[in-house]
Amino acid sequence: MKFKAINKKTVRLLAVLVPLLLLFFYVALRSGPLASVPVTVVAVEKRAITPVLSGIGTIEARYTFRIGSVAAGRLKRLSVDVGDMVKAGQVVGEIDPVDLEEHLGAQRSAIKRAEAGVLSAEAQLRDAKAKQLFTASQEKRYGLLLQAHAVSTELVDAKHQEAEAASAAASGAQAGVNAARQGLVSVKAEYQGMVKQRHNLLLVAPTDGLVTSRDAEPGNTVLAGQTVIEMIDPKTLWVAVRFDQLQSAGLKAALPAEVRLRSQSGRSFAASVLRVEPLADRVTEEILAKVVFTVQPVPLPPVGELCEVSVQLSSLQAVPVVPNACVHRVDGQLGIWVVDGSALRFAPVRIGATDQAGNIQVLAGLQPGERVVAYSKSTLHAGSRITIIRNNGKGSLL
Amino acid sequence: MSGNGIVIEGLQKRYGSGDTLVDALKGVDMQVAPAEVVGLVGPSGSGKSTLLKCLGAVIEPSAGRMRLGEEMIYDGGWKIRDLRALRRDKIGFVFQAPYLIPFLDVLDNVALLPMLAGERNGVARKRAMELLEALDVGHRAKAMPAQLSGGEQQRVAIARALVNHPPVILADEPTAPLDSQRALAVIAILNDMARQYETAIIIVTHDEKIIPTFKRIYHIRDGRTHEEAGEGKSPHELIKTDKA
Amino acid sequence: MISLAGRDILHGWVRFLMTGFGLGLLIGVTLSMAGIYRGMVDDANVLIDNSGADLWVVQQGTLGPYAEPSSLYEDTYCSIIGMAGVARAANVTYLTMQVRHGGGDVRAMVVGVVPGGPGEPGQPGFLVAGRHLTGGHYEVVADVKAGCALGDTVIIRRNRFRVVGLTRRMVSSGGDPMLFIPLKDAQEAQFLKDNDMLLQQRRRTAQNPGFNRPNVPGLLDAIIASQTTSLYVNAVLVQLKPGYAPEAVAKDIQRWQRLQVYTRSQMRTILVDKLIATSAKQIGMFLVILSIVSAAIVAFIIYTMTMAKIREIAVLKLIGTRNRVIASMILQQAIGLGAIGFVVGKIAATLWSPFFPRYVLLEPGDAIRGFIIVMVISVLASILAITAALKVDPAEAIGG
């Protein structure tokens, strides 16, 4: 008992101190620079990846029709509103003609007057022609009489002069008729012009479509050329997409694409690249492209809605592939941490294309089957001690 | 080993100076032979403690001479440089309370002194054990002091005082906390030990129970000692009569 | 000779351990405080290192993208990339803002990076899950401290971003987690106004007769469009070709592009000496006070421990124990107490450091320094006790 008294105390003290010291060394080794870095590893696989380009676009109409007046005027009526469907040729509005109707009335009167003028000129012509005929026969008769010396020469001359005058009068009357007729044509043409002008004040839909904007209201004065109604053909919606120039290699027409509308983030719509614009945006450093829906979405997305577009590029050749989280830059050199047994080696690599899921091609520097570090809990160095841990479900090291 | 025991001649101790000057010891003459047990009695303030401290080489006397065995330790000044070693090797102390070291067990409390003197642990413990056995507390050697009774503690204290076989043991009221049975037993032990180890023992006391055991008693009064003969009864006898 | 100190400790081992634990917790707080300071400095260094840049090009006369706002034209990098010695240059934006996530919001530093691929300047250095940005819009790589999981959605300004990758230790100098998003989205987030503001601005512009001219159709639209362009970035991160001195290239860019350029060491100075200087001093002050308090408490504990044994010490002295033995007993106990305290403190500091909102860096160097300081303090504290113990009169043991 007596011996145990000391021993018991010593044992108890050690029972506290030894675990404390063990904990201390554990703690000292597990934290700080001495600690080993937990990492996860993946094997390099050789496979083909399909790079995906993603860009941002807005829904746009392929053709936008702006209907406006050709002449300045006040808008008299507007029969359609935004969202209305219109048919080709439908009158959607009218510019107030102001005094055009009165001008037309006056013109109609002028036509009638001109027609009357023609009639009266024709009457005069007939009269002149009758006179000419009579005087000509008179002259002929008197000429025969003169041969018979039945009349005097003076009388014959007088009759000749009469006939000449009547002929001239007939020619004059003919000219008067012609002038009257020309006047009628001119007045009629003027009238036709006015009618056309009157028609021009009507705003007519050029095609079947959807009214997207109503930029003026009845009573507004509009300028020649100003848009009153904007309409689109909803059957020709497309997406104007911008792709970052950095990754747009391989983008070309007819590639399949997927469109995600901002309003319907859960759904995606099949589409395809219609064309890549020959002009890129030099300010935003983006390449522009047009993507068309394979099937028009119903309901139609509003024009101007933002959407995400991802374009599947054609599959690349099978080469070693790793997740892009593996690739690091150490001292200006791109490379991958390769696990050799428990040692760590930095293998410089040349990298290629990336796909949407973050897989990156390794064109040189790695062999398929090599084990490389995917995730690490802190920055790795050549001498880092590592502990390989297994990925948990979420792929997180935490 | 013990030579001439302890001899004190004209020892004086004076505290302070000027107005506060106190002459605690004015001239003490004592002589204790080896194996002799003497009593030192006197009222409070008579200078008992001061004398004991001077003897214990804890305070320095002002004048006089002290001789321990063959060795002159004080002659108007300390003649020995290492007073600690002197206390350790030449003087044993037994106090009113045992003053054992609470964190050492009984054996080590006793063995500590030879260890301090440079003895190996094993040898020191063996010596201590022998003494404890002799004092009848050997069975408590591994107990802690707090686990002992008062009498046992005092016996351990005696063992500690004896362990280095000092020529002199100074005992300061060693029986104060004890009843007469135990007090006498302690005195008996001291007497036995004095004989056995030829140790000169000075027991400071005013315990009426034990005074009859002394053959010689020094009375101290006003800083001076007066020797007188005691009754010199055997403590063992007294224990018996006391019991009866 | 037996160990008096050891025996004494053993005698009252529970009390001794308790005292050691208590002292240890105090030392743990002190170590944590040092760790917090180190963590702040380390956060700044990590911020610098993880940006992967050798040079920071910022607006002229500003203190860089972290300490002061700076804005550059987006195409500035084109002219920088052409300078001698520049290997790579990338635009970057930094904006500290509230980011909505899972019902609540998180304060975060949104970093707009060019999603050029791994190893490009500005990209997070390593991931703990997921993948890097692959170039798409509306993707985010988040620091785990933001509390996101892969696949979560965070809302930055008007846009929803999907968490595709997680990283660690990517925090701003203020300790806010970083969220890496594609540059274009970040520019939008930084320079775009909110919807109400946009509407009000449009209305204001429309009401201005100078802009809304009936005979110039389209002018208003053009003006409104020009008001919403966002062609600025906060900084251009530059990586150098091997063999070029950062200072020389920095000087060139400064001279020819008329922009402010900082090298790594200058940026470190800005972050450590300017940005976190006050908080660092604050913590430093606290650390000093804590150290003094700890030292005082160690001293008091040891002094009290010794004073409790004063009687025994007197006896020991009386029976001829040398001062050396007594002093070494006190010293050993002080050192033992200090050692237990340090061990407990180090463990405690390490165990509770992950629960701090900011990174706590417990450097082994600091631990060693801390250990030495604890030992020195213990020794100094025991000197006080030893002096008191040696002053004890052995005569006290003799009653009287």
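Miscellaneous remarks
So that you can tell them apart, the chains are marked A, B and C in the order they are listed, and the count of residues begins at 1 in each.
Here is the rule we go by: a contact is a pair of C-beta atoms (placed from the backbone, for glycine too) under 8 Å apart; a residue touches a chain by one contact, two chains touch by 3 or more.
Note that the structure is a prediction, hence the values are computed from the model and not measured.
Centroid distances built from C-alpha atoms place A farthest away from chain B. When C-beta pairs in contact are tallied for each pair of chains, A-C comes out on top.
Of all chains present, the one whose mean CA position sits nearest the global mean of protein CA atoms is C.
Chain A and chain C have centres, each the mean of its CA atoms, that are 50 Å apart.
Chain centres here are Cα means. That of chain A falls 118 Å from that of chain B.
The geometric centre of chain B is 69 Å away from that of chain C, both derived from CA atoms. The set of chain A residues touching two or more other chains comprises 6.
The multi-chain contact residues of chain C, meaning those touching 2 or more other chains, are 10-11.
Across the assembly, chain B contributes 144 as residues in contact with two or more other chains. Taken in their complex, chain C has these residues touching chain A: 9-11, 13, 17, 49-50, 52, 75, 87, 114-120, 125-132, 134-138, 144, 149-150, 160, 164-166, 168-169, 184, 214-215, 217, 231, 239-242, 340, 343-344, 346-347, 350-351, 353, 361-364, 367. Of all residues in chain B, those touching chain C in their complex are 48-50, 52-53, 56, 58-59, 84-89, 93, 95-97, 99, 101-104, 108, 111-113, 115-117, 121, 144, 160, 172-173. Partner chain C is touched in their complex by these residues of chain A: 6, 9-10, 12-13, 16-17, 20-21, 23-24, 27-28, 30-34, 52-56, 223, 225-227, 244, 246-247, 265, 283-284, 308, 310, 323-329, 331-332, 334, 351, 354-358, 360, 374-380, 394-398.
Put simply, chain C touches chain B in their complex at residues 1-2, 4, 7-8, 10-12, 311-312, 315-322, 325, 393-395, 397-400.
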